Amino acid sequence: MHVFLNGDGTELPDGLTATQLVERLELTGRRIAMEVNGEIVPRSQYSQHTFRPDDRIEIVHAIGGG
Amino acid sequence: MHVFLNGDGTELPDGLTATQLVERLELTGRRIAMEVNGEIVPRSQYSQHTFRPDDRIEIVHAIGGG
Amino acid sequence: MHVFLNGDGTELPDGLTATQLVERLELTGRRIAMEVNGEIVPRSQYSQHTFRPDDRIEIVHAIGGG
Amino acid sequence: MHVFLNGDGTELPDGLTATQLVERLELTGRRIAMEVNGEIVPRSQYSQHTFRPDDRIEIVHAIGGG
Amino acid sequence: MNTQPAMQTDFTDDSFELAGKRYQSRLLVGTGKYKDLEETGRAIEASGAEIVTVAIRRSNIGQNADEPNLLDVLPPERYTILPNTAGCYTADDALRTCRMARELLDGHKLVKLEVLGDPKTLFPDMVQTLAAAEALVKDGFDVMVYTTDDPILARRLEELGCVAVMPLAAPIGSGLGIRNPYNILAIIENASVPVLVDAGVGTASDAAIAMELGCDGVLMNTAIAKARNPVLMASAMQKAIAAGREAFLAGRMPRRRYASASSPIEGMFV
Amino acid sequence: MNTQPAMQTDFTDDSFELAGKRYQSRLLVGTGKYKDLEETGRAIEASGAEIVTVAIRRSNIGQNADEPNLLDVLPPERYTILPNTAGCYTADDALRTCRMARELLDGHKLVKLEVLGDPKTLFPDMVQTLAAAEALVKDGFDVMVYTTDDPILARRLEELGCVAVMPLAAPIGSGLGIRNPYNILAIIENASVPVLVDAGVGTASDAAIAMELGCDGVLMNTAIAKARNPVLMASAMQKAIAAGREAFLAGRMPRRRYASASSPIEGMFV
Amino acid sequence: MNTQPAMQTDFTDDSFELAGKRYQSRLLVGTGKYKDLEETGRAIEASGAEIVTVAIRRSNIGQNADEPNLLDVLPPERYTILPNTAGCYTADDALRTCRMARELLDGHKLVKLEVLGDPKTLFPDMVQTLAAAEALVKDGFDVMVYTTDDPILARRLEELGCVAVMPLAAPIGSGLGIRNPYNILAIIENASVPVLVDAGVGTASDAAIAMELGCDGVLMNTAIAKARNPVLMASAMQKAIAAGREAFLAGRMPRRRYASASSPIEGMFV
Amino acid sequence: MNTQPAMQTDFTDDSFELAGKRYQSRLLVGTGKYKDLEETGRAIEASGAEIVTVAIRRSNIGQNADEPNLLDVLPPERYTILPNTAGCYTADDALRTCRMARELLDGHKLVKLEVLGDPKTLFPDMVQTLAAAEALVKDGFDVMVYTTDDPILARRLEELGCVAVMPLAAPIGSGLGIRNPYNILAIIENASVPVLVDAGVGTASDAAIAMELGCDGVLMNTAIAKARNPVLMASAMQKAIAAGREAFLAGRMPRRRYASASSPIEGMFV
């Protein structure tokens, strides 16, 4: 299925969970946060949360800034 | 009848017109503006405009300011 | 004999030595310096140095200053 | 004869007068001043003043400056 | 409004336009704090100002029936009268004041909007100022607006339709001069309406500095009215505004830390 | 020379005296660094200056025989020519230069003394300057002297008989403005001869500030000659000097940190 | 927050409270613009800062999977991490960014709000900033807010419930120092929450000046990260903040125009 | 003395040399104007100073026979005592004072020369100062000399053999800070002996600014002694001097008029 991941269009397998996406991106264990269609997806729900077509997925982390 | 003129309570004769009030105040011919209950009373309507009890009448002019 | 001590005229016994003057002034052992008629009198010579009439004697010490 | 004119060594005919030098330099009538060996030569004496070998002649005028 | 020409040569007309009218003088003056009307008139005469601000107050204040009125001394036929909303702390009060002024001046549309946030600093309340500016423009006024030196809000006021933005140089009546030239400059560079420095000028050089930054004009009151000799200071201000404007147009020399001789080196005879 | 009047009222004549002669203009200008003589003439005309400085250089420098001379453009009948000793690094060189100038100008006694200490900063060498001033006064010259902003040495130069002291505002040709107003003010307060700020002015407001401090005048060259438009800047400077002078005489309002309303509080109807 | 004591004597604890937590260091630092994480860590160590700002960006930006993350270098157990909304131009973007930050930091509520109005000046858009501040406070955040030096809006932000107001000293990254100390002072005098100068500091003395005005602290990034030697500058800033704070508490000598001898006059023997 | 390293890395020893001896502290302090000797001692302790100035006065002045003497509080074994010639108005008086000091301190050669020109401004009389410096150097003294900020005379004093030049920042006891940084900088760039700013510092940031210019140290008295809390201000000054020094060595960021984001633009998710 087609989604937008951090602004870029991508294909993801149907029914992929947030946990699985994080694994694919090799971000497991990293300090990140996820937003889907403007709403936060709490880390505690990654395992249950499955994406839907055209989801706008944003995954962020902290970097240097002032 | 009782009205507020420039903030002070005053007694005015019933049916007094704006023109007559201006005369009373010796402001005839002076550059002034009048507001009654927050609404401007155009100079052109002074002769027809009669005050009502409890009117809040404001009469202003221009003075030095920066 | 009459001398000027730190600007004031004073009487001193004839033949008084610098050492004796310092004693009189209760400055013995204090960190001071002495000038007579514009010339330094080294501490080492206090015992031999005798004053002459009209000598201008200055005795100084260090005080707070910036 | 050899002289220094405004810093440069030059040959001048013996017995040349200041007036003649000014003519040679096409400065006649111009607002100038002359110094020879550090001493001013007044304009009034140009006709009598003859140069000597090794004279250090300076001729100046006014130019823009602040 | 940054109108520095590449290389202008004829400065015989250096007028500027405000709400569709052209003005020769870039000095705008207030009429408050003078000893009397006579001094007011002489000072304003000496200032050469064409635009003068007035306050709107109750008719029983500030004069007796037999005295001449300020507008007799400053005939609207000769001067552009600029009523202000001084003393207003809300958008609504400012709106009512401007409507009274328009009635008073036979439909005159040009007003100076100021909505204050604090009686101690007399800084504008920018939230109320933005609201008032929007309402006044809708109501057909030509709004000249007193603002902080915030370049973003100045541009916002222009977008709302104000005909001029008037950043303060320093608090009203402080005479501290231009506290933050960088901000005034940023406002000028972004503006497409006239930028007039309003408030804070203390003496002639302050006014010249404002003009050298590229302002279109300066509005002042206390600096003239509270000088030891107001009439002479008014004359000084007129000259200072012209001097600063010409210096801006002439394009100043570059600053350099080290010296540069004004007389040539070559040709020294000593 | 601090001549602020308690309350002067007639300013129709505000001339100042220098070496026994009165001048209306308090702006003195140099003649260096201009594109050509024509620009020089137009700029000086626009400046309204009555006193102009010139340099003394070898006759083979700076012009061809067929060109007009600077003094044709600036006739000594009309302008007070002020020859300077720019470029001199010793008292002796300055003395010789002044004597040449006196001969050149038919016995003219007024000179501007500057003895430099350093080609990079063009700061005066005050030791040599003091020696030269003493020698020149003895030799009958009227000496206007370029000096640092040291109030003690400025007074010493006056004691030596100089007719004017000319402290620098900033390095010659730097355009940095008055770096240390406190020192200039201290010089003015102690002086009984005219104090003219010399060097460092960069734009109109700098000149106004100098005059507001109470200086008797300002001498400048680069600020005009190196402006993008020298003639217009000359006009700006004339106005700025007059503005600063009038502001000084008018007596500026006091500075206060907090605001003070220009419009009355009482009589608000809103 | 103006906490100058009448005459404090014990300064062993001069900590300040922010959102219910006490901090010893009054220097807050950003983590941007460093050469690498190693330099970031060493500079922040040298600064003695306890609160450090971070930016929130997409996970595919700014590092490779095998690199350590910024938060490994700055463990939240040791430092108070202050996520900012840098780069946001609307209230909504700022709100989303703060929510992401809260999730990222396990419910951490302290955020630095900045809503920009312009990519060139990076001045805040105060209209959007006010809207965002209100929404964030409602949503339970502890909001430290980047603002202009407008005293009226600073007080408004405090009324909205912000835990600290952070006026800019000068544009972000400009290093121009405190452009308008009067405004910063007015903000401090009116505030009952901590006032932290944010942005514009260029060198140590700028930081000292901010503290001497009575600020509770200073937040900086570029001044350290872009110094020739960031680690040494971080150390300089730590000392400058402490010096300025102590000078504020100690109460500076009065300024006077004229001199006052440090050594006694009496007792001269010469 | 401009000793900024291309890129120094080890700053563990940043001492400086004066008259053949090395000092860790770049803060020199006076001992005048304190409430009592006890406060003097505590303030100087808190300042970390290694060099302290004292005045030479008649023995019947400033203390009773039973009181401790200043030098008991400041043992010459621990502190470098720097006798000054404060109050002298002629070279001869300064010479006599230094000789008395040398006798008093058992042959101690280091002195601070100041010859005043005026009791109101306490500016140095540079003519007398030059004469005194020459005589003192001939007589074997190590002369640290109080001077105006005239770069030419400062260099001349160095040529005469002075071991340090000490330009004033502002009049003694004025607390006005560095009035003319350009001149101080010019002195530093030309000097090959230590340059110490002497007089005029008012608060911590002033001291930091002096060090950021590249001075080798700062001498102050009133700024500490006349602070509301002298001991705390002494501590502030020690930190400010170190902060300014480190900032100078670290090399400040460039100033730029426009902003530069501290957080990256790329990676925004909003």
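The first chain written gets the first letter, and so on, giving A, B, C, D, E, F, G and H; residue counts start at 1 in each chain.
The rule we apply is simple: contacts are C-beta pairs under 8 Å (C-beta built on N, C-alpha and C of every residue); 3 or more make two chains touch, one makes a residue touch a chain.
Predicted, not measured: the structure shown is a model, and the values here were computed from it.
Steps from chain G to chain H, taking the shortest chain of touch contacts, total 1.
Among the pairs D-E and C-H, the greater number of C-beta contacts is found at C-H. Each chain gets a centre from the mean of its Cα atoms; the one farthest from the centre of chain E is C. Our note on geometry: chain A versus chain F, Cα centroid distance of 73 Å, whole angstroms. Averaging Cα coordinates per chain places chain A and chain H 62 Å apart.
Within chain F, residues 30, 32-33, 55-58, 60-62, 84, 86, 96, 100, 121, 123, 171-172, 176, 182, 221-222, 225, 257, 262-264, 267, 269 each touch two or more of the remaining chains. Residue positions of chain D touching 2 or more other chains: 6-7, 35, 58, 60, 63-66. Only residues 117-118, 121, 123-127, 130, 148, 150-153, 156, 170-171, 176, 179-180, 182-183, 186 of chain H touch chain F when the two sit together in their complex.
Residue ranges on chain H touching chain G, taken from their complex, read 7-9, 11, 30, 32-33, 55-58, 60-62, 84, 86-88, 92-93, 96-97, 100, 120-123, 171-176, 202-205, 207-209, 212, 221-223, 225-230, 232-233, 235-240, 242-247, 249-270. By the touch rule above, chain C contacts chain H in their complex via residues 6-7, 25-27, 30-35, 38, 40, 42-43, 58-66. Partner chain B is touched in their complex by these residues of chain E: 29-34, 37, 40, 53-63, 65, 69-71, 81, 83-84, 86, 96, 99-101, 103-105, 172, 219-222, 225.
On chain A, the positions that touch chain H within their shared complex are 6-7, 35, 58, 60, 63-66.
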